[in-house]
Every structure is written in structure tokens, then in C-alpha cells.
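The letters A, B, C, D, E and F name the chains in turn, as written, and every chain counts its residues from 1.
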Amino acid sequence: MNLLLPIVTGVLYAAGIYMLLRRSFVKLIIGFTLLGNGVNLLIFLMGRLAKGKPPLIPDYADVIPGLYADPVPQALILTAIVISFGLQSFAIILIKRVYAIANTDDLDEINTTDDYA
Amino acid sequence: MKYFGQSAFFISSIEYEDNWHIFARMTAAVLAGFIFALLMPIMRRVSLGRFAILNSLLPLSLFVWFASFLFSGLEGNLSSHLEWAFGASLSFKLDGLSLIFALLITGIGALVFAYSASYMKGNPYLDRFYAYLSMFMAAMLGVVLSANALTLFIFWELTSISSFFLIGFKNKDEASRKSALVALAVTGFGGLALLAAMLLMGAVTGTYSIEAMLLQPDVFASSPYTTLILVLIFIAAFTKSAQFPFHFWLPGAMKAPTPVSTYLHSATMVKAGIYLLFRFSPVFTDLALWSNTLMTVGCITMVFGAIHSLFRTDLKSILAYTTISALGTLTFLIGIGTREAIIAALVFVVVHALYKAAMFLIAGIIDHHTNTREVTLLGGLRNAMPLVAVAAFVAALSGAGIPITFGFIGKDLVYEATLHQGNMSLWLTIIALVTNILVGVAGFIAAIKPFAGRLPDALNGTKAPGPVLWFAPILLAILSLILGISPGLMDHTLLIPSLDALAINTDGVYLKMWHGINTVFWLSMVTIAGTVLIYLTAKPYKYLSGIPAKLNMLAPQTIALAMVGSFAQIATAWNKAFQSGHLRYYVLISIITILAIAAAVHLPGFHWHFDWSMIRSVAVYEWVLVVILIASVLFTVFTDSRLAAVASMGVIGYAICLIFVIYGAPDLAITQFTIDTLTVILFILVLYKLPKYLKLTRTRSKLRDGAISIVFGTLITAVVLDVLSLDRPVYISSFYADNAYLLAKGKNVVNVILVDFRGIDTFMEIVVLAVSAIGVFGLLKLKVKRHDV
Amino acid sequence: MSLNDYLFFVIMPILAAAVLLVFVRFFIGPTITDRVLSLDLLITTGMAIIAVYSILSDQSNFLDIAMIFALIAFLSSVAFSYYLKQRKKND
Amino acid sequence: MRTWFLLNIFLTLVWVALSGEFGPGNFFFGFLLGFCVILVLARKDESKKYALIIPKLISFMFFFIYHVIVANLIVAFDVITRHNYMTPGIVKVPLDAKSDIEITLLANFITLTPGTLSLDVSTDKKVLYIHSMYIKSEESFIKSIKNGFERRLLEIMR
Amino acid sequence: MNENFIFVPLIIHLAAATIMLFAWGRIKFQRWFAILSNAAALIVASALFGMVWNQGIVTVQSGGWKPPFGITMVADTLAASLVLLTSIVGLAVSIFAAGTIIPQRVKYGFFPILQILFLGLCGAFLTGDLFSLYVWFEIIIISSFVLLTIGGEKMQLEGAVNYFTLNMLSSLIFLTAIAIIYGITGTLNMADVAMKLPLVEHPHLVEVTAIFFLAGFGTKAAIFPFYFWLPSSYHTPPDAVSAVFGGLLTKMGVYAIIRVFSLLYADNALISEIITIAAGCTILAGGAAALVQNNLRRLFSYLIICHIGFMIAGIGIGSVLAITGVIFYLFHDIIVKTNLFMVAGLTHRMTGTSSIRDLGGIYDKYPMLALLMAVPLFSLVGIPPLSGFWPKIGLISAGFTDHKWIISGLIILGSFFTLIAIAKLWAEVFWKPSKEIYARPNFTFWNKLGVKRKLLYLVPIGFLAALSLFIGLGAGVIEPVAERVALELSDTMIYVNAVFKTKQ
Amino acid sequence: MTDIIIIVFATLGSVFIFIAALGIVRMPDLYMRISVTTKAASLGVGLVLIGTAVYFSEIAVTTKVLAIVLFVFLTAPVGAHLIGRAAYYIGVPLWKNSVMDQLKDKYKDDENNELSSED
């Protein structure tokens, strides 16, 4: 998996960025979700992989015996997931409002702020 | 990031005799104008209206103070010093050169202040006018008195700004606004060149004290940056002093009220550039670039200005072009750089200020009383305003260099200078001769023509100007005469101190009216004869006035404006290309940039090696997971149905969740799953209100985007592979794992990190959610139509 | 053959194959409801995988994840069907 | 009925408190004990009904599990083999169940049974539309539902 | 003073936000309370600055975990002075907002969110931990989204789309960089990372993180070519919001670049080169675009970009003198840009429009106010000796000293663009005779406003104008601060020692 | 001994899940897929989970497992029912060999989606 997961990460990044480059606002948000997943996976990989060894201290011990998965990236991802959820949910509602006002989700039509007066 | 000792860089400027009284007096002299300007709005009632003339007390008292040095001498004491910031210091030094300029500034300032009281009577914004004028005066004094290069620049810029405000004083007139902008653009550009020059000189010499800079000519002679410094100084001086090809702002600046033209655009501000050249001539005068450039540009400007002045029929325009010509002469003289030339230049500064200020003021009087400045419409005013006519006559004579006026002395000195130049003296003399004749004619046209001849019917009933108006030109005319008859008055009061300041040998320097019959005398005679002859016979204003329009195509201002126009077009096009309103291009540009640089940095060092064991150790279910993940990612990207895309996002989330489970992150899996489900639900709840996917992009852009994203993904993969090939750094994580229970009493290390070791993050994460919730709430509920109540 | 080996080499492959099959249905659709259904089933299968995995790694904590799966997985089905009804209504 | 249930809970708590052991097993035992007490003490009809519900519940559970497993096996068989002889369709089943909770439970149990899927209830709550994989005839299907699940469920609920 | 004092500004903002949340919908209370709490924050921030100025760098470990295990909060001179500036801007803007933000927006939580924005800014300035920096950034982003969209006008939402997309992207890239940093050093504390990065086997990985950081922070700071979100969103929200954004948000990015690049990537010539090039392009792009704008606030937006270029250029040059210039510029820019957008609000109030073509006549109608408004405008240009002038001396002469001619030239060119843009603006907006002003429903023009409302406009503008005058005329006071910051930044070990409390 | 119990449970469970997976691929129309999968999979998961409970043989784990099974059995039919209803509502067709469709045209096209009980 030391080879496969980096590839999966790359695929997620690539897909996310491809979706960011579409014209539909919905696709854009989907792109962010994919990218967010990619980032999470990347952070996870940065702690290196340890199969089936969660960083939990057993009842009988004070420290974890033997190998264990790096807890720090996990903590970081937890924070990052929640934060990006906050942002994404805001963005999703934003889509709704933008559509209600502009009546399109085509980003090329939501660009009056760059028009020259 | 490198370290450069700053203290080593700024050698603290030469220590002056720091005397509080001197400092206070000098600073007060410079700052008085600023304070006065600031007080103007407050004392509006007091100082305007009938008492407006009292405003001239400020420049007058300054003049008197400066004039006192004429007699008490300048025994090297009048300098003062206070550190400001970044090497700039409030340090002022009064030497002969400064004194000449200071006297002109305050003296003509006093006259103009007084004159304006009558000229501008009834203008509702007179308070502003005086504020700007006194601000200008203060700034100009600052320029000529500064002993610190940066401080000089500061005041230099302030003169440009006050000039901007004064040119645009008639702010409702579009032409005024435009002229003000052009003037500011040109002089501002020059100002920045000056800043660069000063900083560069500071970098080369290690000091910003002008005095200390002037002590290091050898540094400049050997420094590789001298050429650059010179070019920058030239730009600064030429823009300010309206040298070709930067002259064009000056005629435009005539949109300002006449007192302003008199004061700023003929007598003082435009001479700031000349002052700068004077000031730094001691170190540069031996450089070929310096003298060649100045002589060439000066020559072109003086001839150009002189010729152009004949094409004009507007009084102020004529005067503007003769001013340009005179400024060219000054530049040219400084470029020659011999003792004679410098003397000639110094004297010519005063000469020109006296007669040109008088002419401008007279032109103002004419304009004010006849409502026209068109030379062809004017004539015969001598009866209506006899005193003014006399003053105009003297000024015209002085301008033409006719004996017993100060102008004669000036002209003589110019010929002296050209004749003693050396290898090119013949040509230079001829050029000077032609220029002088033309300028003299122009002066006659501007100052004599309106008063001579028959009074046109339209001007019947022109009233005589009041004393406040005629006083100033008369006084200037008298001064011109006094100095013309006894030029020696200047010798020890101004000339020799100035030459001292410029480090020029002063032995045997004296001015006199009569030099005997020599070449110079004949040249003067030819000049006078030519001037009178042409004026009486040719009457150029009758048939030359159409020419400027024809030449406009080639005029520098046309070229400059075209450049500005095309620049604006380019800027607009550039801006439209980049700020296109297409969000995806913004993203694309960002991504490509990151990708290009990061790939260029990373790929050369990419060191990962493939190893079959990486594949062999993968379990079946892991393969399945990876296959599903990748397949569903592709499905999300390529499906035509939004709902299917969302559902497949769900699949991706669950697959990642399972990866987290397999690699020992249960908390993560739970959170990922929950958040993923919530996102999907949220999406679905919003989605039904939205339109279906449309086929929006062409295949080509899809291919392009696809290629870019694949490369980006590859880069990320490469980076991750590289990182994974390094050893795992365990310092922090092992601390957490070892101490989670012992110190923080928690069995789940991840939870302990979240709530204890990195508690702030978690807390703030909650804040993010809360804000997001408020935002969503507001977004759904609040719909403001138009702002404000 | 130990329990772990059995689980690893027999059960897990069966479950993995099941997941793949379900995913095939997800992929070919043809209607959105098919996809939603397969999503549901994927999650259910995932729970089984987690359960087996918890035996394999001797970590009962993983069952918490299965619990969360069970609790909220059906929410997305609910949302999808809600969506489908709403969309029909809005058309 | 609720009072009896609460009483049962109360008795359970009393038992747990008295025995001083707080494990889930003890709770369960306490509940059983309380139930027995109620069963013994029950005189009136009201309380009788409560006492009888538990056995019914248990029998229903067994019935249900049996059904589920059998049906699953049938379905499994069908999945594996060819399915030409399947006779799927949607049948309208009139309801005896009245309240929302009854209908919901019934629909859920029907859905949980392999081969059948309750699709919708009419707005007036009179009929349930059920999709089934094996419809021999409309009547027999309706009968099997009504005599199977609905009857047993209603026995418990009422 | 106790080192825990670092937390006090954060606590004040947080508490104020919470209290105002509980006072949901109580408009009057929120307005006054926001002003009060920001005044309190200003006092505290001044005290913190004084503490840092007197005692040197102050650090505190959250939860008492010794570094690098807990989250470190570090108040060095840079952070402390920026917190101080944030509070100044906070006070000014909250006063301005009290006078300009309409009740509907206040009802939907404008002030609490504004307070949280300040909280995020202070936190980001003070934190000494990379991931924590990310979290603070996200707080800033989410609260700025909300501020940007609150009210839901069409323009606002459309601007928010651009703002959201590019900032979100930058956050993710920033996060990627943090992850890689963790992957190669195993730590997140900036001081610790600074010590461990040079030991990493593969320097190209370090450089990749630098690029990612640059892209991430560069987007927030709006440098070329990541600035596109700024001109398309900054002119859409209410003026008070634009003021905070213009004054503080991009400067956050600049701060992050300064902090991270001076600490983690000191002495990396390649990175400096890239930064310098980006800075040059930024100056050109922003300056040139500013010249052709017709909307007042958009013009200011492009000027922000241009001036960000100045600061980034200084970072690229990297000498102490240059950094002194950058810091000085930062101080000046925060005050002046905030004020500019408030001035834009004022002109809008006077004339009912933001289009430069339609504006006019302010000079004739309100001469004294025009004078007041001239202060930020000309400070921005850097008319000497106003505040914008001094740092340019530092920047340009630093460029000359290091023989970076092109970038120095571009700074000069950028100044020229600014000069022209502002002069044009002055001629158009202030000098040009005013056009017919139409009475609009629901819009009260300036001359109809009550004294109290007028004061709520003028007090903050005057306050900041006075400050920028002070920065300009009293440059001798500001310069030592900037220089001390630059010296602290010039040696990584100063920071590291302060964090680990090791003797130097 | 427990190992064998676990193996039996796990095998049975996974086989049921596999059958459900097979069913979802092989069944000809959506309604039958729903019918097949929901129950088989729920049963399968239940069995596997019970196996897990046996393996850990701790009360806490057992309770957890029971809870999970309960949830699965509560939520699965709800989900299936909702999906089926929505599918019919949006017009997903029945298999061509279906014997009857008594729900056809019973939805009234009005605001409340009224479903009639009349024939």
C-alpha cells in the first residue's frame, strides 16, 4: 500500500483539480470535496502506515506496546475534516443562494463583479 | 535572507555644530509656510477678504530674514540637524546658492502673495489658494535649504504636489484638471527618479548628507553606478525644469491662475531642477556625460522654446515657451561648467526671475482687465495703464538684453561663457545668439505689443489696475534697472558666496556693466539689432500661429500621450485577459504556476525507487478498496448526473473511511463517515433546487484541464512517495503516545492530542463550525435588497 | 489454519468480492435509485468488513465505527429519496 | 399498560439497588424477577394483558426470525439459480391496522422479510401496496400477509 | 507581567463575540458593545506590545506542555505590533460599522463574526505552530466568508464565489505543505521545524513545501498570479467589511510569508528569487490594472495588490534594511488601506455611487472633509513625508545595496502608478463638478445624516488619518520598531531560543 | 471451540452478504434488487457481528453488537422502503415479466401526492 495509497492520493488531487476547472458551481464544490479527501489521505500518509494498530492505550498498560499508527496526523485530519466540512456546508448553501439569485450555476455567468462599469 | 548591517550602511551624516537656536530658526523658516497653510482654513475669516494682502507678510518677513544674510555674511554657521528616519534628517544649510534661491522664493513670493490679493479677489477658495501657495513656498525653501539628500527629495515632491493643486485650482475646468495631471505625472516621474538617484548616491557614498556627498567626487568618478545616477538626476532635473522632451507640461500648467504661473512656473519651481544641477555640479562637472548631456539638452530646449514662443499668440503661452528657452539656457550653461558659465548661469537665474515674473504679472493684469490674452487682439493699452506699460517696457528690454537693464549683464555673461567654452564655442555662440534674438522678439511681442499701437475698439474703456496689481511689476522693473546699472551689488552678497558653495575659484570675480568694445559687445549689439528689427518688421504672430497645430504630430506631448493611451489599452487588455471573470481560468493560472515551479523544483531530486514488494504485500481487500476508490473517483468526474456524482462521492468517502479503519484510525473513520454522510445529505438537500449539469466546455479545454490535473496528481504522488521513503520521524508522536495516559489521563491518544496537547486547535475548530452555522443561517434568511436606510 | 488466517484468506476475499459486485451495480446504474441502493449495500458490507477486521486486529474499538455506520448510513438513503420526490414535484 | 411497565422498571431498580450489583446481567435478571412478581400479583384484565405480552412478543420474534431465515434461503436460491419462474408484482393489501405506529411496524416487518417490499400506504391509510417476488395469486398473498404478520402484530399491539 | 498575558487579547475577542452572540438581535447593544470591546482589546494589545517591547519575545505554552509538544504562542515584536494594529483597525472599523452597517445585517450576527475575524487574526499573528496557523487561517476565512455574504446581495454572492474558491484552494495547498513538513520533520512547532528542516536528507522536498507555502500564503496575500479573487470580491461587501479586508486580510498573508520564510527557509536563494519575481509581477499587474479602473473600491483593490508587491519584494530582497522597509510598509498599509475603504464608504454616502465616472464635486461641497480624505489618499501614494514614503526608502535602497536593480525599479514604477492612479482619482472624484444626484428611496445622503451618524463616519476616518500622519511625520518613532522586527527576523535562532527558552 | 462458532457465523454472514451482492447484480428490476439485498445483507451483517461478539466475549462488546444489529434491522427496511417508494414515484419500471401492478396510476397529480386506496 505504500505505493498504492500515494497513487490514490494523486488521483484524488487530480480529480479534484479537474473538477475545479469546470464551469459548474456544483462540480466546483465536488472538486473541493475530492481535493479535501486527497489532502486528508496525504496527511494520513505523512504519519506512515501501520496496519491495524490504532494509537489506543490498552486497559492493562500505561503506554502503547509495540508499533502503533502515528496519532498526530489523525488528530490533524480530524480537525481538518471538521473545518472543511464547515466551509463546504457554507459553500453548498452558497450555491443554493447564488442559484436562487442568478438562476444559473454556470460560473461564467456569475462574474458580474469582474465587469467593467 | 541575507544580513546587511544597517548601521554600517548609514554613516551618520557629518556632524554639524548643533545649536538649538540655529536649528529652531532654520526649521521655523522652512516649516512656517506649512504651518501657515494648515492654519489657513482656521483663520479663513481673518486673513481673507479685505485683509488678504496681509498674507504676504509671511514671505516678506522670511525675505527680510534671508536678506539680512546678504550683509551679515554666511560664516558657515547656518546649518542645523535633526535625525528623522531611514537616513533622512531635518538638516538645513544656508549657503550662497541657497540664499539666491531663497531670496527669489521669498521675494517673488511676497510680491505674488500681495498681487494675488487683488487678482484673485472674490474667489471663494482664496483660503485654499493661499494655503497651497504657502505650502509651495515652504516646500521650495526646503528644497534649496536641505542639507540631506532625502530631505531634499521630500520637499521636491511637495513642490510637485502643491503645483498639482495650484494648476488644478480651477477644478471645474476639465482642461485644468488634465494639465494638472500631466504636470504631476511628469514631475512625479522625475521625482521618483530623483529618489532613486538620491538612494543610489547614498548607497555609493554611504551617506545622505549632501555636503558629505560633495566631498567624494572620486567615489563618483570610479563608481560603476555613476552613469545610472546621472541619468536619474537628469530625468529629475529635466522634468522639473521642463527640458526637452519633458517640457510639455509647462505650457499646460499655464491653466493655473497667473500668480501661480508667475511664481511656480517661471520664477521658482521650474528652477528647482536647475538648483539640483547646480548643487551637484561640483562632483559631476568633470564627467563627459554630464557636460555633453546638459549642453545638448540645454541647446535643444533653448532653441526649441525660443522658436515655439514665436508660434504662439496667447500671452501666457509665449511666456511659457520663453521660460522653457531660458531654462534651456541655464541647463546649457551648467553643462558648459566653466567658471564663466556658472557665473553666467547664476546671474541669469536672477535676471530671468526678475523680468519673467514681471512679464507674467503684467500678462495677468492685461488678462484680468481685458479678459483676453490673445496678442493679436491686444494693443494700445499704454494710455489705460501707463505705469504697467513702463514696467512692461523695462521687462521686455531686460529680456532682450538691452543695456542699462540687468538683462544686458546676463546676456553678456552668456556670450562670455559660450565664447570661452573651448572647442565648440563658435557653434554654441551662434546658437545662443539666435536664441537670444528669438526670445527677445517673443518678449517684445508679449510685453510691448499690447501697449503699443492703436487701441482696438473692443478694449475701449479698459480700467486702470489698482496699486496692488501694478506695484509688483514696477518694483521688479526697478530692481532690474538698479542691478543693470550697478551689477556689482551682487558680487559679494550673492555671487561669491554662491561660487564658494559650488567650490569655484572666486578670485577676481566681479560684475560690471561696461566691458569695453569686444566680441561680446558686438554680439550684444547684433542681438539687440536683430531683436528690434525682427519685431518691427516680421510680426511673426500674424502668420506663424497656425504652425503648432501642424507640428503637433511630432510633438513630445503627442508621443507621450499616445504612449499613455497605448499603455492604458495594454493595461486594460492585460487586465481583461487576467481578470477575465472566468473563475476557472483563475484556478487554472494558479494551478499551472504552482505546478510548474513545484515540478521544476521537485522532479530533479526525485529519488524514489520501485520495489516489487510494495505490490506483493497488498492484501486482496486492499486492492478492492483501491480499485473502487479510483473507479468511483473517475465516475464522479465523468458522470453526467449530479446525483450520481454525489452518490459516488459518498462511495469515495466510505472507501477512505475503510482505509482509515485498516490503518488504525478508528476515530478518523467515524468522523470521516459522519462528515461524509452529512455532506452528501446537505448536497442532496440543496441539489434539487439546482439545474441539471449542462455540457459547457469543449473537448479541447477538457483535454487541457485533464492533462494539467493528471500532472498535478503525479507531482503529489511523487512527493508523497519521496517522503515515504524517508525514515519516520517519531519524536513528537512517541511523546504523545508515551505520555497520553501518564500525564493527560487518556487512553485514546488521538483524543488526548485533540483535547489536551492541541486543545486550542480543537476549540477553534468548533468556532469555525459555529461561524459557519451563523453564516448559513444568515445566508438562508437574510436578503438585503439595497443597502442603507 | 488459524482463525485469523481463515478470516483473512476466506472471509475477507468473499466480502471484497461482494463489495466489487455491488460496485459493479453502482457503476452500471442504470437509475439513480440503483446507485443509492448499492451505496446502502456498500455501507452494510463495509460494516461486515469492519467487524471481521476488528477480529483480525483484535481491536473491539473498531465496532464503534460499525455502530456509527448503522446509525447514520440510512440517512443518506432518506435524503436521496426525499430529493427524488422533491425533484419530481418541482418538475 | 404503561403503569405496569413502569412498575416493572421500578421493581427492577429496587432489585438492583438491593443486590448492589450494577451489571447489565443483573438488570436483566431484575427485570425478569419484576415481571414474575407482576405475573403472580396480576388479578385484573389490564394487568393480565401486560403479563401475557412478553410471551407473545417472544413468539413473534421467533416467528419473524424463522420467516426471515426461510425467506432468505429461498431468495438466496433464486439469486443463485436462474429466475425465469419468478412472478413479481405489486399487490394492494387492505389494512386492519389503524394507527400510524402499527402501520409503520407492519410495513417494516414486511420489508424485512425477503421477497416482499412495502412500497407505500394510501393517504387514507386503508391499503398497503406491497411488492412481492412470488405472487401465486392475489388472494393467497393477501391472506398470507393478513394471517401472518398483521394478525400477530396486532395481537401484541392491542 | 505574566507570560499568559498573550492570551488576553484572544480571550477578549472571543468573550466579546460570545456575549454578542447571546445578545442576538439586539442591535443597539451590539453596536456599543463592539466598540467597547474593541477599545478594551486595543488597551490590552498596547499593554502586550509594551510588554514585548520591554521584555523581548514572550512565549507561552498552551496547557503547559513544553515545546514542541503543546501549541506555542509567541509574541515577538512583529506579532505584538500586528496585534496592536489589528486592534486599532478593529476599533476604527467597529465604530465605522456602528454607523454604516444596516440593522438587518447586525441582526444576523455581523458584529460577533467581525469579532471572530479579529480573534482569528490575532491568533494567527501569535501562534507559533504551523497547524495552528492553518486553523486560525480557517477561522479568518470562514468569518470573512460570512462577512462577505451577509446580506446576500447578488454582487456579494458572486464575489464570494471567487473568494471562496481561490481561498479554499490555497488553504488546501497550505495544508498539503504542512502535511509534507510533518512528514519530513515529524513536528509542527515552527521553531522546532526551523531547527529540523536543514537536517532533512532531501532538500528538494523542503523546497516543494516552500513553493506550496508560497502559493498558499500568496493567495491570501494576493500576489501574482494568485490575486484574482481580490479585485472580484473586495468591492462587493459593505464598506466596513471592505475596510477590514483591505486593511488586514491580505496583510495576514504577508505576515505568514514573512514569518514562515524568515524562519523556515532563510538563506534559500532560489526561494528568494521566486518571491522577488512574483513580487515584480504583482507590482506591475496591480499597478497597471489600477490605472484603468472605474470603480473606486476596485481601484483600491488593485492598489492593494500593487502594494502587496512592494512588501513581497522586500521579503525577496531579504536584507535587514529591506525587511525594515517591509515591516514599516506593513504598518502603514494596514492603517491606510483600512481608511481608504472607509473613505470610499464616505464618498458613497456623499454621492450615492462608487463609479468614478459619476463621482465628483466633493472638493467643492465638503472642503474640510476632502482635506481629511486627502490624508489617507496621499499617504498611500507616499507623498513625502507621509507614511507611505518612508518604507519605500528602505525597500528601494535595500534593493540598490543588494544590486537588485529590476525590483527596485519596479517598486519605483509601482509608486509612479499609484501616484497617477490617485491623482486621477483626485481629479475625478474631488475636483470634477458633481453630477446630478438622484434622490433614491431608502438612501440618506450625507448632508441629511444626523450628527451622531456623521460622527460615526468621521471619528474612525479621522482617527486613522491621524495615525497615518503620525506614522509619516513621526517616522523616527516607527522605524526603530520596524528595525527591531527586522533584526529579530534576521536570525532564526532568536525565535527558536525564545520558544525553547534556551539561553542565547 | 469458540473459533469454530466464529467461523460458522462469519462464513454464514459473508455468504449471505455475497448473495445479496450477487442479487443486486443479477436481479432484473430495482424492486427485486431491493427485496433481495436489504434483508440478505442485514442478516449477513448480523451474523458476522454476532461472530465478533463471540470472539471478544465481553459484555461491553456484546451490548455494542446487539445495538448495532438492532439499528441495522431498524434502519434497513426504512431505507429500502423509502428507496422503493421513491423509485416507483419517479417511474422506475417493473420487470417486464411482472404479473401485476396494482399501484399503477394511483398517485394523484396534486400538491399533496395523494395516494388513493380506490380501485
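Assume a residue touches a chain if its C-beta (ideal position, glycine included) is under 8 Å from a C-beta of that chain, and two chains touch if they have at least 3 such contacts.
Just so we're clear, the structure is a prediction, and the values are computed from it rather than from any experiment.
The chains touching subunit D as well as subunit E do not exist; no chain touches both. Note on connectivity: the fewest chain-to-chain touch steps from subunit A to subunit C number 1. By number of C-beta pairs in contact, B-E leads when B-E and D-F are compared. Taking the mean of all protein C-alpha atoms as the reference point, the chain centroid lying nearest to it belongs to E. Among the other chains, the CA centroid farthest from that of subunit B is the one of D. A straight line joining the Cα centres of subunit E and subunit F is 56 Å long.
Distance from the subunit B centre to the subunit F centre is 78 Å, each centre being the mean of its Cα atoms. Computed centre separation for the pair subunit B/subunit C is 70 angstrom, with centres defined by C-alpha atoms. The geometric centre of subunit A is 49 Å away from that of subunit B, both derived from CA atoms. Shared interface positions of subunit A, i.e. residues touching 2 or more other chains, are given as 20, 28, 42, 45-47, 51-54, 56, 72, 79, 83, 86-87, 90, 94, 97, 107, 110-114, 116.
Across the assembly, subunit C contributes 15, 17, 19, 36, 53, 57, 59, 61-62, 64, 73, 80, 82, 87 as residues in contact with two or more other chains.
Residue positions 579, 581, 583, 587, 623, 662, 664, 666, 687, 689, 716, 720, 723-724, 728, 730, 732-733, 736, 758, 761, 765, 768, 771-772, 775, 779 of subunit B each touch two or more of the other chains. Which chains touch which is summed up as A-B, A-C, A-E, B-C, B-E, C-F, D-F.
By the touch criterion stated above, subunit C contacts subunit F in their complex at residues 2-3, 6-7, 10-11, 14-15, 17-19, 21-22, 24-25, 31, 33-34, 36-38, 40-41, 44-45, 47-48, 51-52, 54-55, 60, 63-64, 66-67, 70-71, 73-74, 77-78, 80-82, 84-85, 87-89.
Put simply, subunit A touches subunit C in their complex at residues 51-54, 56. Taken together, the subunit C residues at the contact with subunit A in this complex read 53, 56-57, 59, 61-62. Interface residues of subunit B, counted against subunit C in their complex, comprise 619-621, 623-624, 627-628, 631-632, 635, 641, 643-644, 647-648, 650-651, 654, 657-658, 661-662, 664, 666, 669-670, 673-674, 677, 680-681, 684-685, 687-689. Interface residues of subunit B facing subunit A in the complex, by the touch rule stated above, are 576, 579-584, 587-588, 591, 610, 614-615, 617-618, 622-623, 626, 629-630, 633-634, 636-637, 642, 645-646, 649, 652-653, 656, 659-660, 662-668, 671-672, 675, 678-679, 682-683, 686-687, 689-691, 693-694, 696-697, 705-706, 708-710, 712-717, 720-721, 723-724, 728, 730, 732-733, 736-738, 740-742, 746-750, 753-754, 758, 761-762, 765, 768-769, 771-772, 775-776, 779-780.
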